[in-house]
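In what comes next, chain A is part of two complexes: it sits with chain B in the first one and with chain C in the second one.
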Partner chain A sequence: MSGILRLLLNRLGISLIVLVGVSMLIFAIARIIPGDPARIALGPNANAEQIASLRAEMHLDASLPVQYGHFVADVLRGDLGMSLYTNRPVTQDIAQFLPATLELVFLAGFIMVAFGLPLGILAARHRGRWQDHLVRVIALLTVSAPGFVWAVILMLLFAFYLPLFPIAGRISDIYDIERTTGFLTIDTLLVGNWAAFGSAVHHLILPAIALSLSGIGQAARLTRANMVETYEKPYIEMAQAYGFFPSRIARSYAFKPSLIPSLTIIGLDFAAMLGNAFLVEAVFAWPGLSRYGVAVILRKDLNAIMGTVLIIAITFLIVNIIVDLMIAFLNPRIRYSTRGAS
Partner chain B sequence: MSILHIKDLHLGFKTLTGHVDVLHGIDLDIAAGEKVALVGESGSGKSVTARIVLGLLQETRTARISGTVQFDGQDINAMSARDRAGLRGTEMSMIFQDPTSALNPMFTIGNQFTEVLRRRDPKLSKAASHARATTLLDEVAIPDPARVLGAYPFQLSGGMNQRVMIAMALANTPKLLLADEPGTALDVSVQAQTLTLIRDLVEQNGTSVLFISHNLGVVREFADRVYVIYRGNIVEDGPTDALFANPQHAYTRALMSAVPRITGAGLPEVPEVSDDFLAPRISHGGAL
Partner chain C sequence: MIRTLRILAANPLSLLGLILVCLITLAAIFAPWIAPFPTHNGAVVDFLNNNRAPSARNWMGTDLVGRDIFSRILFAYQISLTLGVVVLAIAVPIGTMIGLLAGYIGGWLEMILMRIVDVFLSIPPLVLAIAMMGVLEPTLTNAMLAVTAMWWPWYARLVYSIARGEREEGYVLAAEVIGAGAGHIAFREILPNCLPAIITKMTLDMGFVIIIASSLSFLGLGVQPPTADLGSMVAEGARYLPDSWWLTVFPGLAILVAVFGFNLLGDGLRDVLGVDE
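Moving on to the complex of A and B:
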């Protein structure tokens, strides 16, 4: 069995255990917080019998372990239950809202890497000089304000005072695009509507930047710190002693060994964007899963809360596995671990 | 004519609290094809001297360098950073103390070799560089060059990496080779092989060597001429035989008595500082 495959199976196993733990935890928390979900669902005009019958339907009268057992059995059948808030199956809600959030998070993650890493490389290469100071100030600035603050600032500057971008929503109302994947940037291309694609991208830019800014700062700081350490290594002095170009040393000889420790954290930052998206989505009226999550928590919509948290946990774990695989692939020591030293 | 001519070289570092002087006027000459050793204890200034010759310390903003360092007739200190970089890896190259940590862990030997060869010939193709590297690895007695070129440094033994580094250092037939305590990180038998290998190759190519070491036994075997450095000053210099036969300076004598004997007389006492050590330079001649 190759090292990578073994690593993958190992990580999948661990992720499954984590997932069970997360589901138990959120299941317990959702039932400990006060308030009767059946009463909230039925509204103030419901009578006692109606509430009692809904409670029975939702297994709310059974003991917690029994309730959890019902929940797991349902999940395994692909049934996350009905949402009391939207009155639709939770799976259907998630299928509708998750792509919107993923679209946002993917673009934000891409922006984070595309700007954060080069800024970090630049700072490390010119460590102690003005380029370094500039990058560090920018990074500190972006890290110290949360995404929703940037969302408000960017919206004011570039959507309100300087109306370069739309204020809210995913796409202009004039387009009616058939939902195939739920990703508007993909669906518009599937129907070949370039104008609609442009509109979808146009709507994505500001919220994605707002979401990515603190990640950019984080990635830049991390890359810089790891690279500055790498610059002290003998193999960098060797590269300098052979007269390799400083830009090449920075981009290749110093960056590659530094990427591995940075990547773990960048992966976590990326996954954390799902959570940070809550407020950014709220500011930009982005119909995503995070906004849905807030709405259902406020209404104590148990099934929807469980479903949302489960999906976010799964996304987190998938990102982690991908990062682990990338690290394994980048690091020759892990890649060749099964071959042994020769 | 001399390949390397160092005259009155001073080096200081600017620190937060003031100024630290490291070299106090070094004079050193290496003729074409000559193997010269610079011997001294840790912190004596021998490694920084090599880094000034390479033009690496000149890039450090806290370093203050004055004096003449002529390499092949050109003053290194007066050159632009770009010109200095142009000499590195082509006209001069360096062998490092620990070969395994001096090779980049993320790239194969073949990859790193190609980079080195392209310093001389930027348009060299992958296939051509592979062929050339194979020949060069063959010359340093590496048994299976193709396998070594495809390997990462951590997959090879320290001795093997050392040979790779020697092959790289001499790949572009430099005029001057700087060797900073080569093999110190390896065990003694491998170290001995390393030195023999370097000696054979540099004699074959007519390469001049500046050999930096704290190990007098090694120096005696390897060098034509020796400079002893103590606290940033050359205290004694001369042809290896003359200097070992008749060490004059108190520090040289202390250094020689500090070499552990296989007969087991215990480790000799060497004082940390002694006024005698600061006595003026003694030269046995022999330089050009």
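Moving on to the complex of A and C:
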């Protein structure tokens, strides 16, 4: 257990360093904006006095390191500033929109694992044969289009031509569910409304598939490559010499070692999904963080842009720590190590 | 080179990729001559023929102001490919240099450079590009800038991981023993061993740059109208689904076909050049 504890502390330390870097990067991006942020915030009708007072409030007259210091101090107090777009604290906006995006990304991640890994295993078990070639073509095809193209195609096929799924939104308008967690699939269960739960899931499926497609291709390719490598190991040869069934060899001997590198990529794909959610949410009118992000970017709403990027980066770092811990649990060399792992 | 091509062409999928890439490149270069309506790249209106379904006159239909979608796709390929080439031409040398420095020289330089790379890699690429475009004016040059800024770290990490492994190899030690300088070892000894991986990644990345660039313009953060761009064409048409399906389906498929071509080619190259995934 101490191996895992050390790993966790190590990862938290690295993440903290990275997070400081991310905050600098976000601050730098916010400062390359041409023009006066205060003037942009107040609009063309503001007078010099108003601009001067807002400049003072935003610490714009101070030197850059001092400005950065104020930015970090505010963030640590949980204050991301006011959004010019919604006129509310950015934290409040994010708390409202983040659950919808996470709900979508989590289901998409689940679909990616549920289909990507078996496809990769299938290809590896039948490497060089038609199943392998088929999986290769499917994998290359799914990574070859951005999320919004898949979203449009799926919507056209399965919402318009074959009306199996709803076209847009998170839940049918007839349900008025109290938002406790913001995750509609959880909130509907909390009030015990099964019909509303069904509606929420029904609305989730199509956007989640659109979001997961490119990840499925990547997960399948990688799992295949790792498993093919594992199949060449002597202990697999020994299992084959013993005459074990191919399905048992795949399940008990080849799969687990191959899973470890796949998990790393799944963590990276999760990051890609947080970005791609921007595209899928736009097509399906999904009221998530990404739609909010695009709206505030088009209005050059600086506080909201910085807050959104920061939250996405933090979410991604947390997911990667979780992935690292999962790998540690799967890998006995780390699990039982007393020295910890780098 | 010729041998590589011959092995590549022996695989039908790689051959298909090579053909698709060649066709799309040629179509982009010669777009002004082969497009049925060469003027339709710009602000042209033809309301007599607007929003028409595909026909013999307009193979992929016309858009809301009557411009030929097939012609616009050919011109949009010009923008996509230019963007891809420019981004990679800047990002790859920068990333390679940083990766080589960190991987071969090591020490505190490795620590600092790779932490900076980690910072860039810990924000989803598309989010970083979107955030940068959010504060910049939406122009083609700025889109290139934003995509380049998020692209170099991937090459830095790729080259770094190879260079770090090669640092311990016998041939590097041998070069060090006979007194070769750090520059010679980094560029003449280690770099050639990184090239197969870099070339494979560049081919695959042409496709990914096209995806990211079209995603930016899909969100209205890239090339501005009236210039044709695949992403903005899909975005404009998406409001008119399902009736005017050709507005979105053809530009969307155009992205798919181009990226698929680069992916098939890159995947084939990976096998031929013996690069790990």
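The rule is short, and it goes like this: the second predicted complex is superposed on the first by the 336 of 342 C-alpha atoms of A that agree within 3 Å, B and C clash if a C-alpha of one lies under 4 Å from a C-alpha of the other, contacts with A are read in each partner's own complex, and residues count from 1 in each chain.
Here is the rule we go by: a residue touches a chain if its C-beta (ideal position, glycine included) is under 8 Å from a C-beta of that chain, and two chains touch if they have at least 3 such contacts.
Keep in mind it's a predicted model, so treat the numbers as computed, not measured.
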Superposition on chain A - do chain B and chain C clash or fit: fit
First, second, both or neither for A:158, with chain B first and chain C second: neither
Chain A: partner with more touched residues, chain B or chain C: C
Chain A as apex of chain B and chain C, Cα-centre angle in degrees (nearest 10): 80
Where chain B and chain C come nearest after superposition, their Cα distance in Å: 11
Residues on chain A lying within both footprints (that of chain B and that of chain C): none
Chain A-facing residues of chain C, complex: 13, 115-116, 118-120, 122-128, 130-137, 207, 211-212, 214-215, 218-221, 231, 234-235, 238, 241-242, 245, 248-249, 252-253, 255-256, 259-260, 263-264, 267, 276-277
Residues of chain B defined as touching chain A within the complex: 54, 56, 61, 85-90, 93-94, 96-98, 101-107, 115-116, 119, 147, 151-152, 154-156, 168
Parts of chain A lying in touch with chain B, wherever the complex brings them together: 128, 233-235, 237-245, 253, 256-257, 330-333, 336, 341-342
Residues of chain A defined as touching chain C within the complex: 14, 17-18, 21-22, 24-26, 29-30, 32-34, 133, 136-137, 140-141, 143-149, 152-153, 155-156, 160-161, 221-222, 225, 271-276, 278-279, 282-283, 293-294, 296-298, 300, 302, 305, 308-309, 312-313, 316-317, 320
